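Naming follows writing order (A, B and C), and every chain is counted from residue 1.
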């Protein structure tokens, strides 16, 4: 099957405009008869469901949480990018487009990314109108800060809770549609199957997680907005419930999986403290605006950080990347931290951490503040107090979060941080219209593979989720549904629904019937360890081959020895988790296959065999300037299809942040 | 450390619940409270028993899903804290910890420590939004917002909808939640047009859902993980009074 | 929707409590001022003058009806709120936060109010009722000063009055602030001020009231 990305022709800045003015439309009377299923209510799902409801479609939205407001978009901290150029520092749509393509190490589609940059400005307008309380300056206008991989200030933020504020904004819009009756909301529901009728996605089978009952839902189209699959690593910054199940079911029904191995390891997370750890907590990238990352110059230096004099510290990012300093992209920052820790320069009791130090920023801000207040002869202690207040106003909630988890006061001692799995650039392959290879089945937000290439820049995930939901899908869905206006709602007693429900039922019964000895959690932990060790920050052919074998045997063991207590027809979180872990195991195998197949290093995918002399990722544009889209051909059997990436505007070069 | 846990177990909302006592051992002080529950549940699964159901998701204090009433305190003893952020260094060897679900008739128990908080969603549906369709927006900087008001609005918008205010309130009142949302939106110029109807409609819905009435006790503020201030309740009262007095709130 | 509806929502009911409460606070000020005349220790001359004015002035008598109306509304609404709020949590907690998250008196308004009510029954039956009865039956006003002097010779009456005043004090500590918070004045700017005034009021007024029976009992006033 040849992949058609359906990128409109024309110059890069006219593609989306042309598409919008020429795509087919559905008239309001017909919209009322078209039913849309939206799975997931994060930024992409909530914004899509609300927008489609406003347009007049009949929408059903699903989430596994107890309320759509709890989707994991809520945990995004730092901000959202937009090419507003409010700071007059040279930003433009083109520059945001260029930064994103370059940040993604030239593995993203130009057309998609340019569209993303174009609509970024509308997102900010929309969110402000919906009541998102972004940070403001004294003049009442919006404030911006910088994020990694850029040299302009284009990130809009609401303290360290930008994701929360944006999601609440989208959620409120969604609830408004619920009250108007255009959207029907199903919380504590999990999608477990896509229903296909005559080759098109026409509905889903969902399980009511409270009663355990299976439900059939029809839709003329199905939108998966189900987020990323970072939890395949067990430990990640994702929420405990984040999972790949919806995307994986779609994959098994024919949706290709794009670049599954592209995983983002975020450089600034709180380090693992022990085996009991259930998840990792991110410390926003925005901290790198002011925090300086360092390790001691001597290996195994056990002194307290504050006792290590300035000249014995290695501010390694500033040293190696003078142009971007601490604000290099995430993949680069993570790799350098791992490298130094592996080489024995790590700090803290586990030695798997580096310092993120605010002492210099506190002093700098303190001096500015002292000048502002006219205290020319302020003592050092006074300056530090003033500086702490400034830092507190910028990052207070993050510092508090750090202190709660570690019991250490980051105003006084540097934070200890280490990289952790954070985001997955890979996902369901979609074309320009966000449709997967299954007609009628769409993927939005982190669930699709599209816009970030091999590495996502900070503050771009929120942008993409909202772009897809607010501004892209309303057009592209209409373009496809225009042909469906004569399709009547398919009754859910259609054999396709019955068959899909039976499949789900059988699978659940099979899981419950195993009655083995090991807990679901223990399998998840083992899978995570394999993935992190062999398909994590550094990968090599030997390790990946081993991982594939290990995962295969883990899968076998899972299906013969997992123990799930409780019953099917009740609230049973262990059963929910078992289904998700089973899917993670299958996905893990595909990720390793993909990583093994991609014989180059790019962005977050670092194959140890392919690096420059100074340890930077070494791309192979000759052979791998493509999307690897995997087709499911039965258990453990995947076929790769290539979508060549054509760069008409940007000329790929060795990515340099020096 | 070794601990004794007295945990509320309830099969579903049709059955009566009761406390069950569990022992957990080798709990490290670095664990979070929920990781301690993970240990308990692993132990229960190994013993062939049913684990304790509890709500949790992000485990970093922002999603608002976790909801345990620990030794008489919503989200446990730390201030400005969610259950998932509570760490075991708070406890010492031999402690007994009593864990209950949020208790309020408007939050019926689903199972064990899991409750149904969809009443909060319905309150938002009654008016907790700004009616702006996608594509209707003007330029984000077209309407400057006084910094103090923007900051106050943000402080109210920090509410994570966890329901600790209801759980902690002797009257099971949801005023802090409702007032936070009304404040968030009414402080912004964008929220102005619907301001009056919003306050009245949300209060009506809050009553319909069966929450208690606020008597200004203040336990909600003390337990709110995000430090939402009682000032918001004063603001909601003002908004309500002004909506009623101006007579222009008849939209419900 | 109409006014009745607005006053029947949870905020509306609180407004009723707040407004009637504030009226009762005003009444306390007047009552306290009038009764404090006894401290002139002039054999009740000034006090009886004031009492005569209060007991015979047409306007005051008219307001007295309002006072009783508000008092009854305050009591009935308060007790109804208490019982309906209790009913909002059928399954109660095994362990409660107690004073860790709130003040005992703020949680005990209904109890304190009931104690005050019991005290009021005694108080009215001792002074107000016989006096009005006498007025209505054409026998003119009674000498309230003498009545006080007689009644407050009994130690149990003095004790009950003291407890009544203590209950009133705690009820006011929360009630004073709470009334203003309900009216929406509990903002950053005014909250501290209102709380301080409230506490001062809650100490001073009940103290003056309590001083009366004690002063008679101790024969400080004759």
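Assorted remarks:
The definition used in the following text is that a residue touches a chain if its C-beta (ideal position, glycine included) is under 8 Å from a C-beta of that chain, and two chains touch if they have at least 3 such contacts.
Values in this document were obtained by computation on a predicted structure and should not be read as measured data.
The minimum number of touch steps linking subunit A to subunit B comes to 1.
Ranked by how close its C-alpha mean sits to the mean of all protein C-alpha atoms, the top chain is B. Between the chains A-B lie more C-beta contact pairs than between any other two chains.
One simple way to say how far apart two chains are is to compare their mean CA positions; for subunit A and subunit B this gives 26 Å. One inter-chain figure worth recording: subunit A and subunit C are separated by 61 Å, centre to centre, where each centre is the mean of the chain's CA atoms.
If you average the CA atoms of subunit B and of subunit C, the two centres end up 36 Å from each other. Across the complex, subunit A is touched by residues 11-12, 28, 30-32, 34-35, 38-39, 41-42, 44-46, 48-51, 53, 55-65, 78, 80-81, 85, 87, 89, 110-111, 114, 116-118, 120-121, 124-126, 128-141, 143-147, 150-151, 153-154, 157-158, 160-161, 184-185, 188, 190-191 of subunit B. Listing the residues of subunit A that touch subunit B in their complex gives 47, 50-51, 54, 65-70, 72, 74-75, 84, 86, 122, 124-131, 133-142, 158-159, 161, 163-165, 168, 171-173, 175-176, 178-179, 185, 187, 210, 237, 239-241, 273-274, 276-279, 281-282, 400-401, 404-405, 407, 470-471, 474, 519, 521-522, 563, 565-566, 570-571, 573-574. Subunit C makes touch with subunit B in their complex at residues 1, 3, 6, 9-11, 13-15, 81, 84-85, 87-98, 100-103, 106-107, 109, 174, 177-178, 181-188, 191. If you check the complex, the residues on subunit B that touch subunit C are 6, 17, 19, 69, 71-74, 98, 100, 103-106, 168, 170-173, 175, 200, 203-204, 206-207, 210-219, 222-223, 230-231, 233-241, 244, 249-250, 252.
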